[in-house]
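Chains: A, B, C and D, in written order; residue numbering restarts at 1 for each.
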Amino acid sequence: MYSSKIINDPVYGFLTIPSPLIHQLIQHPFFQRLRRIKQLGVTDFVYPGATHSRFHHALGALNLMVKAVETLRQKGVKISDAESDALFAGILLHDVGHGPYSHSLENSIVSKVPHESISYLLMKKLNDEMNGQLDLMLKIFSNQYKKPFLHQLISGQLDMDRLDYLSRDSFFTGVIEGQVGAERIIHMLNVREDELVVEEKGIYSIEKFIIARRLMYWQVYLHKTVVAADILLINIMKRARAICQIEDFSGISKSLKYFLTNEIEISQLRDDEMSIQHFINLDDADIICAIKDWQLSQDKVLSQLSKNFINRNLPKVELSPKPFTSDYILECQKAMKKKFKIESDDMSYFLNNGMLKNDAYLVDQINSIKILKKDNQVLDVAEASDNYNLKAFKTTVKKYYLCFYR
Amino acid sequence: MYSSKIINDPVYGFLTIPSPLIHQLIQHPFFQRLRRIKQLGVTDFVYPGATHSRFHHALGALNLMVKAVETLRQKGVKISDAESDALFAGILLHDVGHGPYSHSLENSIVSKVPHESISYLLMKKLNDEMNGQLDLMLKIFSNQYKKPFLHQLISGQLDMDRLDYLSRDSFFTGVIEGQVGAERIIHMLNVREDELVVEEKGIYSIEKFIIARRLMYWQVYLHKTVVAADILLINIMKRARAICQIEDFSGISKSLKYFLTNEIEISQLRDDEMSIQHFINLDDADIICAIKDWQLSQDKVLSQLSKNFINRNLPKVELSPKPFTSDYILECQKAMKKKFKIESDDMSYFLNNGMLKNDAYLVDQINSIKILKKDNQVLDVAEASDNYNLKAFKTTVKKYYLCFYR
Amino acid sequence: MYSSKIINDPVYGFLTIPSPLIHQLIQHPFFQRLRRIKQLGVTDFVYPGATHSRFHHALGALNLMVKAVETLRQKGVKISDAESDALFAGILLHDVGHGPYSHSLENSIVSKVPHESISYLLMKKLNDEMNGQLDLMLKIFSNQYKKPFLHQLISGQLDMDRLDYLSRDSFFTGVIEGQVGAERIIHMLNVREDELVVEEKGIYSIEKFIIARRLMYWQVYLHKTVVAADILLINIMKRARAICQIEDFSGISKSLKYFLTNEIEISQLRDDEMSIQHFINLDDADIICAIKDWQLSQDKVLSQLSKNFINRNLPKVELSPKPFTSDYILECQKAMKKKFKIESDDMSYFLNNGMLKNDAYLVDQINSIKILKKDNQVLDVAEASDNYNLKAFKTTVKKYYLCFYR
Amino acid sequence: MYSSKIINDPVYGFLTIPSPLIHQLIQHPFFQRLRRIKQLGVTDFVYPGATHSRFHHALGALNLMVKAVETLRQKGVKISDAESDALFAGILLHDVGHGPYSHSLENSIVSKVPHESISYLLMKKLNDEMNGQLDLMLKIFSNQYKKPFLHQLISGQLDMDRLDYLSRDSFFTGVIEGQVGAERIIHMLNVREDELVVEEKGIYSIEKFIIARRLMYWQVYLHKTVVAADILLINIMKRARAICQIEDFSGISKSLKYFLTNEIEISQLRDDEMSIQHFINLDDADIICAIKDWQLSQDKVLSQLSKNFINRNLPKVELSPKPFTSDYILECQKAMKKKFKIESDDMSYFLNNGMLKNDAYLVDQINSIKILKKDNQVLDVAEASDNYNLKAFKTTVKKYYLCFYR
């Protein structure tokens, strides 16, 4: 009998490693690499406690999955040991394809490949190494298994990923109002017709989850200074790539250089061992070292942006319910030209505008969380709730931003 | 009137920035650099939450100093605005001279210069830049000011540095038993004959502080796996330095290369602008990037150690109340030679032994915390306490370690 | 110099007693009596941790007031020592007129006198005893002092009472989502034209406060099982009063008997020393002892209701967005008559209906929290916020309830 | 399949009710009565948050038992459903025989019968009512079952009772250093030769448990002001009993009167239905109501003591490592006679001395916690630990107290 290992965790008290297979996966270099990638990218510029890693989040989500399996089994839902091991492996590896600075640089390093595709690629590589031990996990992960609720536990409206990242990000940022009561929600889960449902007594917890999630979006993930730092980081990479023919990249790591001087497609990552090896070598440290080096670049734009990042001299973000007018934008550009001597051609590295919204995350979600009533009826949460304001949360909130130096 | 800024902090709720001078210091590159240096070096190999930075700790200690000044003023202790600004600046900058991986590499990067000397050097540089605004702070910091209690608040048995790092390290590791009730202790502080004292009613809090501190030493700072990781990291740097004549250091940062290929003295840091600039450029990322690069080094020792670090393949540590016998050590070496094909000359990179003790930290301390009795008498805490076991903590605890691969 | 006393508090770490006057008030029997009155009446039937007392809440609110005064003074707001002592006394005593089971029995024991009037009466008595030391406090408390912000700190949209009770009730019930970040909000307070305002950077904290407050209403204060227990308790007192001519009240305390057999007006409490003395004698224990005794009453209704209370056999509450129809109510009554043999005349002790709403608490509040913009403009929070859903909270939420046995 | 109910709990997040049998027991009047008995008696005179009930503690201990059973089963320890239900019932009811003010009045109400005997009596009555459903529980509870580890989980050095009360009392008093990491310790439990053992990796948690426990004794359970309040309460009951022939007890509850005017033996509680019914009627409220009534007693001693209690006018406690001399005691008595006009005959109600010690709780305990080494050897914790100071805790600490008015 495997005696599960435990790891200290300030969020849940401790984390469990439920099986030898999972222990083996955690020790693999693909997974250890996540120690060196911060969960929230540049967010610690605003919330200095938010230095926690993707590694920690993955272990946290795993821990919740262990509890979810326990709960469901106690309620009579059949989950075999092979299935639970697949669930554990799936949630552990769900973010294994994230690159440096996670979401911030998702389109800047490997520009056309979402992290989910890289995760899936790495999972398959691991499966090959492990002689097919992850076959069932891959099936569940790609939602091709006969029990959809297993997939929903890994990736769905109330999956263990979300429950952990909201809890964990709330904890490390100190935005306590974002706490979601993950263990409480898990306790309310059940399964009907192979779909994940929440028992009726859990409806208030779900409402609080929705409110907390919204709050975390505006307070943390889309906080305007976080957005500003994201934009600055993206512009640095964009500039580096733009001048890669003339910039001497000798001061940066070979792996980062590889991605900045090439446009890598998913097929190349799949077929070219060197390509994926370069990806695996990358973490937040490559980015920091490169930006430190670029402070002395001959290229004035790259040099300026890099100094700004290292010394936390961030652009300002203005928010508005309406798009900013061209007139206003032109005015800002003029002022910047005068004050900072920015050439017109370089303006796109110093002034950016766009839209923030949280609807993609929220509107549909509210519809698709299923509540199991005491009479065994299954309803959408918005219907089942007697909180007549829950519907207010279904409105898409859009905010337009203008990011520039003043 | 300056409206103080506040920053979210999961430990105390929020952190305050009490004056424009302090705001200016925080924005300085010397201080921003601390964002990129973890407070606890390699400790996150054991406690994955312990990724908090020196930057965060310095702000935390500042926040406690703000509270200490408030409390003392309320009790009638005279502290002028100039003195309080000096206190705030002093505690903010007390660790500004820490290099990458803080204590772990303290003797590996700049081998002969303790971090306190570098902190003092950087403070003087800042003072020059700021036209002497930090004169009073420097006087207090070096304990040459007429009110010793101001120095004791920055550096003494109950200084704000210790109160913050115990609270913060306990929080982020999840070792909750290490909590010390920092705000409570601060509330008990007072001053008698210009020395810091603790009011009698605070004696239990002091006892708890001593117990918690001891616990943090053995559970965290001297945890045997942390010691193992420290030794591995130190050996990597030792090896890199040993082969610097033959190793091609093109893949590592110029600043790290500078320190690995030179033995830098304090005089050089003081007099040679380039030298201190290289120091300021360094942070944890240089170390990670170098070690990742060295995985492919021609030097087998450096390559092996580097892979071990990146993939968290740590040596084991055995502890014993007595020194390990030469026979036992020889036996271990033999086994390692056989199993890992290690040459005799390289053995010192793979097997190390030594002693851990916490007395330097604890024994004297217990004597020198002063308790103010209700009758205005001032006593040492060990005398004042009716906890007849407090004296037990005055015994030096020594543990011998042997660190090697098995 | 007064060395402030401190008391352990799980919510804020510790509580301070800032002056000898306050120390004296705390020791007075009027205030000590609040130890024996639970803050949340019957709520511990649902949340077993909610056994905290009015005494604890008053000390908590005092502690926040100490911090508010510190913050405002640091921002240059002039508050004299006499004024701060008045604030401390005022917040300490704001609830001193609460009777047993606080709000639950507010109209059942002294039916026509709100607790605020009794508080004011007791404050005046204390002032007489203390030779006018509370004169200024009484002026501020009744909003007749020249600086309205002092009154607002005791009783206003963001007063220390609310900030403490939300924090404390959230803590002891375990409904963590109700946490409001009291210290953070206090840090944002300021004064403009003698009115309390919140600095602009605090706007998100205010939004969270409003959301948390709403949540606490529906989750705790108006939780349907709490409502059911409240109704049961009120019905017991109503029945006891109805039969006071025939019931032998020898088993209950003299003071409770006094109030059940008399209709006491404010004038009597003011003018008749015995009357107020009886009030001061009352606390939760009188109610519990009476109900235990009434389990054996000859009166079947009183006996049944009392047994139900002691053994937590609570009625059920149904909620609906629309009033319940007379037909439905009649049907329920019929079923009850059959099942429980309840006489028609007694039905009003076993079935009750009515409406719950939280608007009185919320709608106006949102309008009257004032935000101080960076340009020194003062705006209502709803206008100042860019959270386009804040307005959703201004809608009155009404729920109709039907409370009966099934 | 039974869907377990959950209850909010600020300590663990929520509490579970694992089976219909347990649900039924919780609803029984014997158990509901524990809602009205504070876990820590008079401790809230010192720690105002410590108003939590025996009811809450019992549910907390139950919740830990549910987790312990889960953990052990996962490790392959066989526990049948009948056995786990017996464990749940046993821990739920372990304190059901506590009377008002728990330990404080244990020898004052039913002077010769320890609460454990009454608990056992009530369990047997419940078993009769429930037609033997608690047979197995009674066997385990009285350690007559073939698997001793089941008994140890209810009552042993690391039982769920202790783990909960230390966690819960630490939480509600705000003495955070008393936290013991209950869930962590549970995770380390295992069984060898039918005895409960702790896996080696849990040894530090056990050390922390021992340190925390000691701290709770001196900081809370034996806090000198708590001791003073206990003595005052005991003296009130002693006096009431002494004058029961002449005091008119018409103002106190019939059940309390019954116990004050009779010396009840266990046989009477067992055989006389009225006797046990009176016991079941008692809770903290009877004591408070009686003491309030006695403030107006003709007996000056009873009246004075009662006023002191209601208005928290507590005696002072002096502590000393040596017994107090008769001379010193005489001197104190003289001063009291003069100042408070106390008659010689009544002195024993106003001055008391004795000894406090915590050895009974600690010394043996350290010996009897068994550690399971990785090589399957089982050792005492003191032997297994490399914390060379753990032995210091085995010394009995004795403090002599003198409790009197000054």
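Definition applied: a contact is a pair of C-beta atoms (placed from the backbone, for glycine too) under 8 Å apart; a residue touches a chain by one contact, two chains touch by 3 or more.
Predicted, not measured: the structure shown is a model, and the values here were computed from it.
Q: Counting only C-alpha atoms to place each centre, which chain is farthest from chain B?
A: C
Q: Same interface as B-D shows up in which of A-C, A-B or C-D, over half of contact pairs matched?
A: From the options A-C, A-B or C-D, the copy of B-D is A-C.
Q: Calculate how many whole Å lie between the centre of chain A and the centre of chain C, each centre taken as the average of the chain's C-alpha atoms.
A: Taking the average C-alpha coordinate of chain A and of chain C, the gap between them is 43 Å.
Q: In whole angstrom, how far does the Cα centroid of chain A sit from the Cα centroid of chain B?
A: A distance of 32 Å separates the two centres.
Q: Averaged over CA atoms, how far is the centre of chain A from the centre of chain D? Could you give it in whole Å?
A: Chain centres of chain A and chain D, defined by C-alpha means, are spaced 48 Å apart.
Q: For chain C, jot down the residues that touch at least 2 other chains.
A: Answer for chain C, listing residues that touch two or more other chains: 13-14, 181.
Q: Which part of chain B faces chain D closely enough to touch in the complex?
A: Residues of chain B touching chain D: 176-177, 179, 181, 204, 208, 211-212, 215, 218-219, 319, 321, 386-389, 392-393, 395, 397, 399.
Q: What residues of chain A sit close enough to touch chain D in their complex?
A: So the residues of chain A in touch with chain D come to 1, 3-4, 6, 13-14, 16, 70, 74-76, 181, 183-184, 187, 190, 199, 201.
Q: Using the touch definition up top, name the residues of chain D that touch chain C in the complex.
A: 7-11, 13-14, 27, 29, 32, 35-36, 38, 44-49, 51-53, 55-56, 59, 171-175, 250-251, 253-254, 281, 283-286, 288-289, 292-293, 310-312
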